[in-house]
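To start, the structure under review is shown below, and the notes come after it.
Each chain carries a letter (A, B and C) given by its place in the written order, and its residues are counted from 1.
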Amino acid sequence: MMKEMKNIGWDKYIDVLLFAFLIGFPLVGSLFRVEMMSKCIVYIIFALSLDILWGSAGLMNLGQAMFFGLGGYVLALSYAARDGVPAFMAGFGVTEVPWFMQILQNTPLAVLLGMVVPGVVAGLLGYFIFTSKVKGVFFNIITLSLASLIEMFFNNQQKYTGGANGISGLPPITIGSEPLSITAHYYLMLAVGVLVYLFCRWLTHSRFGMILRSVRDNESRLQFLGFNPAAFKLTIFVISGMIAGLSGMLYIPIHSFISPGNIGVAFSTSVLVWLAVGGRGNLTGAMVGAFLITWMESLLSEQFENVWLLLLGAAMLAVVMFFPKGLVGTLLDWQYNRKIDRQMGLVQTDDSVELRESDFATAKGKV
Amino acid sequence: MAFLELRDVSVSFSGFLAVDQVSLSVEKGETRVVIGPNGAGKTTIIDMITGKTAPTSGKVFLGGADITGCSPHEIAGKYKVGRKFQGPNLFDFLSVYENVEVALAGHSSVLKTFLYRKNKSIADEIKTILEQINLYGKRDVISTSLSHGERQWLEMGMVIAQKPQLITLDEPTAGMTADETYKTGEMIKTMMKDKTVIVVEHDIDFVEQIAETVTVLHQGKVLAEGTFAEVKRNPKVVQVYLKDDDEEVA
Amino acid sequence: MELLISQSINGLSVSAMLFITALGLVIIFGLMDVVNMAHGEFIMIGAYVTYFVTTVFHFPFLVAMLSAFLVTALLGIVIEVTLIKRLYGKVAETLLATFALSIILQQLVRMAFGPEDKFVGLPMEGSFSLQGIVIPHYNVFLIAVALGILAATLALFYKTGFGMQLRAVTKNRSMAQCLGVNTARIDTLTFACGSGLAGLAGALIAPVKSVMPSMGSYYIVDGFLTVVLGGFASIAGTAASSVVISESVTVMAGYISEITAKVLVFLIIIVLIRFKPEGLFTSEKR
């Protein structure tokens, strides 16, 4: 039993601890803090969407927020159009609900579209990028550019998107006509979070996940085994986009507001920072990074906004230089290297392993 | 038409003619060894068969189908061609077991990877292969921890797992001790008995151990072809190998 | 028709600005394979230097240009030696580290000088009038400077010892080292060159666009797209694609909104790259 427990990655322990903490939190936290924690959970889901893309498949999306924002805006427009032409549009003389918003007036359909629209964008973009023979860094450039452009576009199209002011006055989730209490809403977010986590866990542990990691580590080898790397990259990109879109929609009821800031480069940078600091490829790092940083930000940034950003940049730099795998990643690395050492008989364990002559012939594998 | 047929295949890289109108016919179940000095175009021929490089002219046929210029994953998957690379080319951070598991035939489409479940028949399949390459005892070892020779064998095991109809081996004994080389030769003869195999090699003793037919390449062209004994006696081949030695001395 | 012509001509000065921005990028990115996400901030710093030199201390604009180049080149040296060198070869880490750096630089400037626009005056007022089409003097100046820089860079790369060493290092690093080339120093100097050019671009942009801490992020996107379209390592290609992109956007912007024009151009680039991954203007495949 102890031997098996030693073999389980420490990330699972951290996951369990985190979820236990989240489940019990409303019992100790004030309502204000519970609401903050709801927002945190939405960000955790967003972080997970990037982790399955970046951590597993090695695709660093510099504009992940565009999927978040697209999902959010779809839902926001849906709510705004529920009772006819929204105020921000009427101000521009729009008298009829535009065609693309008429579909959105049906809320369940809008929720579906909030995931489908980012998925389709990811699909089209991914198709052009992954089937091309262009350098890997191209993906980074294009995603950054697209996020920047989309943000500018939403800023610009005031008539249809509310421009820089965004769309406000959005309603919370209701049962019948009663809005959910803060605590009930919190547990709803947590439930969705747990489901997304379990889905991501299943995904990364399936054969699909193993192939994704192999695409990242040795794409050419995979091709000669009969796998089509572009198809795998495209699939994970779409899934990642859809989950990000979901988190964007979950953002709306808590904040009642969405703006181009949620769809652009700055927010994309945030999620990159969470994963860079926390670690990626193991889900835990993404959750820990998102959790720690958004909490610290909410505690510090009201008073010290500029200093906070500076500290964040410095912290990220330090992590990249000295702990490139992030906090959780470095921890898991340490555990992994001990496992390799054990395999090569270099570490005395409780069940002593004999040193074998042939083991010394190989160079020690360094991750 | 032979099982694998190259017809007047040429490849030119920015003006440099690496392969010059090579024609090759390999019968089903044959073990063909391709030898020749460095730069003769041997690996380029393999690249063209496996889809890494498209010929600038000529055609490649496999089992009657035209595979000229197809993508590597199509040739590997649809046409079932397995390729072993020159240095061992594996998934460094997966275990021996997982390396073979990835390579298993029939589970390589996106959908299939979602539906995959490891059942008894799959476990048995992997176990058989691991035993054939002598690595069943080390199945949980991460592949970077293996010795060089073991990594070469692991890659061969992965190729077998693909259940290919054509296998290309690029210098499978590179970096091996004499003992390991001999074992590899025996492995090839047993594991790949009924398969069509093309081997690129330098080690003359190894060639003698496994070859049925030998093709000699020189400067992108076919110089000679025949059994090992015939080729060894062929004056043109002798001259090419001796001539190179002379040039070094001079 | 007049609109078309005047947009085309003024598009050239936009091309000039874009070219100088992208040139720094193509040198660092195309030749050293280093992604510098803080390139936009170097432009910003160049613009701020110009603000101080001209608006605050009232020195001539040419002094500002020179100072901007030197300050950012020096900063580039410091960063290359402390950061980039340690991460050489690790693309993801370099990207993240320079990303972090861009956050830090932006914040430092914001905290030191405030978030508002800083005003930098045009070094030359007035315009030519050609058959009814108005061409500001400054635009002509920009084009002249861009051409000058293009010529200077090509001369540096193809006619000097340094340029030859740089090209050798790009093509075959270990061989160049065997031949006695100090590759570490070449790396540092190249990075400094690219950064200095960013600063210079910032100086030239300052009179015509808003100078504020966040200005960098717009230019980096444009710059990267230009480099991608022009072929990752071709100087001439970068020049050509700067013109193509800027002209397309500027001309279209006469008829539709600028941002829509940019989106269209972006989409076209993506489709183009799918079919010509080596860029529009290189013949050599990497």
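Miscellaneous remarks
The criterion applied here is as follows: a contact is a pair of C-beta atoms (placed from the backbone, for glycine too) under 8 Å apart; a residue touches a chain by one contact, two chains touch by 3 or more.
From a predicted model like this one, the values you see are computed outputs, not experimental measurements.
Ranked by how close its C-alpha mean sits to the mean of all protein C-alpha atoms, the top chain is A.
Seen from the C-alpha centroid of chain B, the farthest chain centroid is that of C. A separation of 48 Å divides the Cα centre of chain B from that of chain C. Averaging C-alpha coordinates per chain places the centre of chain A 32 Å away from that of chain C. Spacing of chain A relative to chain B, judged by their CA centroids, is 42 angstrom. Listed for chain B are no residues, as none touches two or more other chains. Taken in their complex, chain C has these residues touching chain A: 35, 83, 86-87, 90-93, 95-97, 99-104, 107-108, 110-111, 217-218, 220-221, 224-225, 228, 232, 257, 259-260, 262-263, 266, 270-271, 273-275, 277, 286. The touching residues of chain A, when paired with chain B in their complex, are 206-208, 210-211, 213-214, 217-218, 220-229, 231-232, 235, 340, 343-344, 358-359, 361-362, 364-365, 367.
Residues 50, 71-73, 76-78, 80, 82-83, 85, 89-94, 98, 101-103, 105, 107-110, 112-114, 116, 140-142, 144-148, 158, 162 of chain B are the ones that touch chain A when the two sit in their complex. Only residues 58, 60, 125, 128-129, 131-138, 140-142, 144-146, 148-149, 152-153, 156, 265, 269, 272-273, 276, 306-307, 309-310, 312-314, 316-317, 320-321, 324 of chain A touch chain C when the two sit together in their complex.
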